[in-house]
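Both of the next two complexes hold subunit A, though its partner changes from subunit B to subunit C.
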Partner chain A sequence: MKPQVWRRAGVSLLLVLGLALPLVVSNGYYQQVIVLAYIWAIATYGMNIILGYTGLLSLGQAGFFGVGAYTAALLMLKLNWNFWPALLAALVVSLVLGYLVAIVSLRTRGHYFAIFTMAVGVILNLVIDRWNGLTNGEVGLVGVPGPGSIGPVSLDSDLGKYYVVYVFLVVAVWIAWSLRHSLPGRALLAIRNSEDLAEAIGTPVMRFKRLAFVLSTAFAGVAGALFAGYMGYLGPDVTSINMTFNMLLYLLIGGIGSIAGPLLGALIVSFLTQFLQIFQDYQMLIFGPVLVLLIIFFPGGLASVPRLIRRRRARDHAAAVAMAEAAAIEGSGSAKEGA
Partner chain B sequence: MDEWGVAMTLLLQEILNGIVVGSIYSLVALGLTLVYGVMEIPNFAHGHLYMLGAYIAFFLLTSAHFSYWPALLGAVVVLVVVGLLVERLVFNPLRKAPQVNAMIASVGVMLFLEALAQAIWGPNYLQMPTPYGNVLHIGALSVTQQQLLVVVAAIVMMVLLNLFLKRTMIGAAIEAVAQHREGALLVGIPSGRIAMLTFAIASGLAALAAVLVTPINLLFPAMGTMVIMKAFVIIVLGGMGSIPGAILGGYILALAESIGGAYISTNYQDLIAFAVLVLILSIRPAGLFARRA
Partner chain C sequence: MLNVEGLTKQFGGLKAVDDVSFHVEPNTITAIIGPNGAGKSTLFNLIAGALPPTAGRIEFEGRDVTHAPAHEMARLGIARTFQTTHLFEEDTVLDNVIIGHRLRTRSGLWDAVVRSRRHRAEERECRERAYEALRFVGIESLADMPVRLISQEAKKRAAIALGLATQPKLLLLDEIAGGLNPEETQRVMGLIRKLVEHGYTVCFVEHKMHMVMSLADRIIVLHHGRKIAEGTPDEVRRNPDVIEAYLGGAAHAAGE
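Moving on, here comes the complex of A and B:
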């Protein structure tokens, strides 16, 4: 069979697995762990586009997550909007805000960009945290409505919410995948490898960087809106820079720049944290050094393991062939000597 | 006192507070800018080295029953060692990797240090004891001995650091690496050892600043987060790698915060720094004083 067929079969299997998962895992608590991992994975796919594809460390991601979450939650609570238009509004607001921030922040380069976006993230966090009149400050918002129902099918049940988030995750992965294999995606990779070179061969660098940034904020915003609708309550904590660092961790563990990376990282970290007591108590005591070790020795993360194995196998194979050839030559040499 | 006198006193008191906070900002930013100048790494863990210094001193004061000055010295020594270790184990292996990698590694160090402090000392706020708690009155202004100590010690340290950099061979070597890494290597300066030294000095300065100011504030595992973010604002303000810029920037930011906080809104006081940063980088994307290439 052709490799494409195998890949298609693998993707279909994963899709079915995702659909069947909540039926197998009936425990509500475990389901919540999975859904939250999906939501953070969606935001991390956004970070992957700006950091993994384009090579720009944007530290304001949690801020945009918060913008999406609070936009959706406030529209539902204060103006009685439904979940779906509120989600759309969250997407639009995080897109527009992302575009405005992109215009100014992308003029800076390297370290300045990281520091600039960090400041934007902190400002968003502080405004959400302190603007008591609008966001209810540290108390947060409670009673945020869920996705409601489509016709007779209620989406507010645990199962319904799972599938809503699942669909968004699949769409996020699909966008990440198609972007990676499109012309703009390749332009982003070119920018990551060398911005000057990309510019020199005529890539409109600024336009593509803006695209990547806006996509990353849109992903974060939608993930935020899903979070608000799923949890039903919302506090300023989810907009703090620590959440951005968490996304960074998911990305690094899963595999920066890869398609599977964000989901893999989010699931693994969430599960380790939930199910191993030692991870719960000393989460960052372990993950902090893991982050350092990964970036030094293993910057491709888990998603690069198959490639590394393939490469090693190819090398071993080549070595074996070379050795066999050497033995054959030696053998024929000694045979001649014998003759 | 008439109305105008009250207003003046309030302003002077805010300026005084600004100078105290600014001394700390400057010391932390100095270390950050030194490391940036020599190694071109924005070290996100710098604020957490500051935090660790405060906890070490707290431990020496309360559990080992040191008095204040030996505890301060002990914290500085420990942090110098920690700084050396971090440079060797984390940043040295990443010298040739893309810029982003070192930044991410520094985030890893930061997360680790915060978790470490929380595991050892718990998540609660702690009060660091000081023998200098008395309040002095100068006219209508009031200031604690500790606040005066902060200002005097910070200024002494800045003078000493300046003498070290300008008057000693090693100091000149640090400045040479900061100006031009390859050039410094060419004339035989061991840039690896200079990087270690710089990191050690920066960590020591951070510990010193922390032990000086913590008796005024409180001790908690995340205390480094806001400090480091403000230190970044300061070194962008003063030019990344610039030492006078870090000192001046520290005082300017602290004064803007204390005066702005008093007259505009204390609720949004922390916002001032980041608003200033966004404004500056929007107008001048390479910082206020772009470093010579």
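Moving on, here comes the complex of A and C:
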């Protein structure tokens, strides 16, 4: 009862904080850093579903980000679509393409799956980079419209765009949270733990893997469309494999499989990189060791810190566990023993 | 209840299971024994649908299930434990077992995201089934303990509880007493008797002869993938083929 009240209070506080943030941080530059971190966090939530929940290292994420971004941008620029239907189309296209890739890629396992999906990501990036006629190649697309306005409220201002992205972030976190604590989500975790056991207790493993994969690409596609609408221009660089590795980094720092991990990781890494820019050429020299230290001290990511504390407490209880166990098993399981 | 006919599994040149046939009657205990590498686990994998057979036929409750995948077999009522428990060590016992009843639910992604009434009801039901199963195997009080903290015996019980949560009719237990001391083995034997008393049917693979001899209604002996004997414990004990091929030294050990 009580922890639930605390959690609800904490979540409400965070929500309000998110709403108030652009009013407090009025510096446009920092606002942009935050919004971009949100957008990448959304894509990373997708990666968390396939990697963190289901245990499959899918490395095509930036490719699907690009599919969403270019689908939305091209529909708006070439066919004069509005932002919202274009975003919906980006969702559908990344979902359908994700499904097709899932059917093939999920036949492979382990490293082969990672390599296969990475190849898919590279191919998507190459297509976007080279198909000059459609994507304008390296030059990219400019003048991509924003979300427009709802009635009298313009969403094209910095503040408006912030709230649009913020709402999508909240929805992404909500889906991540409710999936994590649901029966289908438990099925994904069971697959990560042991595919054989998951099958044996009646989980259609292939179907759930496909679901996780398609969710991950849909998150990436929506994030891409938001990126296009937010920035107003778009180049192939955001679809490169480096961006996939960035997302992996956010997950590592924030905590793979956790709810807060993707957002925490994206925000911290983004601000760290901004801060380290004053060191210019040396920034990687500092960034590297900081990363290593973080991973040494928090192997489960920053989101695992409360768990680490709780676990330390639990360890003291190990002896009590043994006692409880002895009593329990003696008591009931062996009732028929005398026979 | 279970009817296996001419079942064969070939791995490359090796016939791990070779033309094996047998029946399992409802509400009985069947033991499958044989030396290491005899094909016992492979036989379980075939019955549970984890591996497709090379040849032969499997019937469960009159239905041809030769080609049914593992998750379908679970739905039809076959639960299994693995030679090494595959539980998630970081999670609590309860969290490991809750998922067992999911196969009897219908909630999908949408129910989860909108927290539908159905999902809430089914989640509650899964929780209740999990507690029920933990109570049955005698570790309800360990529900909130992380699996990594509990004993080997408790882990085996948790693995059975997970199987029970799927609401099976037949349980396949692969070396459930492996790694347990004699006292723990005795208690797990008690649990297997309790399962049969409550209407379940049990097949188990085991190397511990005293356990096999005192629990089993029927014993099936595998050697190099072939069934070399079948019968009651007394019949198998006296079978010269068994003594020669396998039981020899072990039978003496069991008598002690």
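By our rule, the second predicted complex is superposed on the first by the 288 of 339 C-alpha atoms of A that agree within 3 Å, B and C clash if a C-alpha of one lies under 4 Å from a C-alpha of the other, contacts with A are read in each partner's own complex, and residues count from 1 in each chain.
As a convention for this text, a contact is a pair of C-beta atoms (placed from the backbone, for glycine too) under 8 Å apart; a residue touches a chain by one contact, two chains touch by 3 or more.
In this text the structure is predicted, and so the values were computed from the model without any measurement.
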{"item": "Contacts of A:Thr203 with subunit B and subunit C, given as first, second, both or neither", "value": "second"}
{"item": "Which superposed partner A:Tyr233 touches (first subunit B, second subunit C, both, neither)", "value": "neither"}
{"item": "First, second, both or neither for A:Trp6, with subunit B first and subunit C second", "value": "neither"}
{"item": "Contacts of A:Phe275 with subunit B and subunit C, given as first, second, both or neither", "value": "neither"}
{"item": "First (subunit B), second (subunit C), both or neither touched by A:Ala324", "value": "second"}
{"item": "Contacts of A:Ser182 with subunit B and subunit C, given as first, second, both or neither", "value": "second"}
{"item": "Touching partner for A:Ala190 - first (subunit B), second (subunit C), both, neither", "value": "second"}
{"item": "Subunit A residues contacted in one complex by subunit B, in the other by subunit C", "value": "none"}
{"item": "Complex interface listing, subunit B residues touching subunit A", "value": "36, 40, 42, 90, 93-94, 97-101, 103-105, 107-116, 119, 225, 229, 232-233, 236, 240, 267-268, 270-271, 274-275, 277-278, 281-282, 285-287"}
{"item": "Touching residues (chain side subunit A, partner subunit C) in the complex", "value": "174-175, 178-179, 182-187, 189-190, 193-194, 196-197, 199-205, 211, 215, 314, 317-318, 321-322, 324-325, 327-329, 331-337, 339"}
{"item": "Complex interface listing, subunit A residues touching subunit B", "value": "51, 55-57, 104-105, 107-112, 114-116, 118-120, 122-123, 126-127, 130, 241, 245, 248-249, 252, 281-285, 287-292, 295-296, 299"}
{"item": "Contact set on subunit C toward subunit A in their complex", "value": "48, 50, 69-71, 74-75, 79-80, 82, 86-88, 95, 98-100, 102-103, 105, 107-109, 111-113, 115, 119, 122-123, 126, 135, 137-142, 145-146, 149-151, 153-154, 157, 162-163, 165-166, 186-188, 190-191, 193-194, 197"}
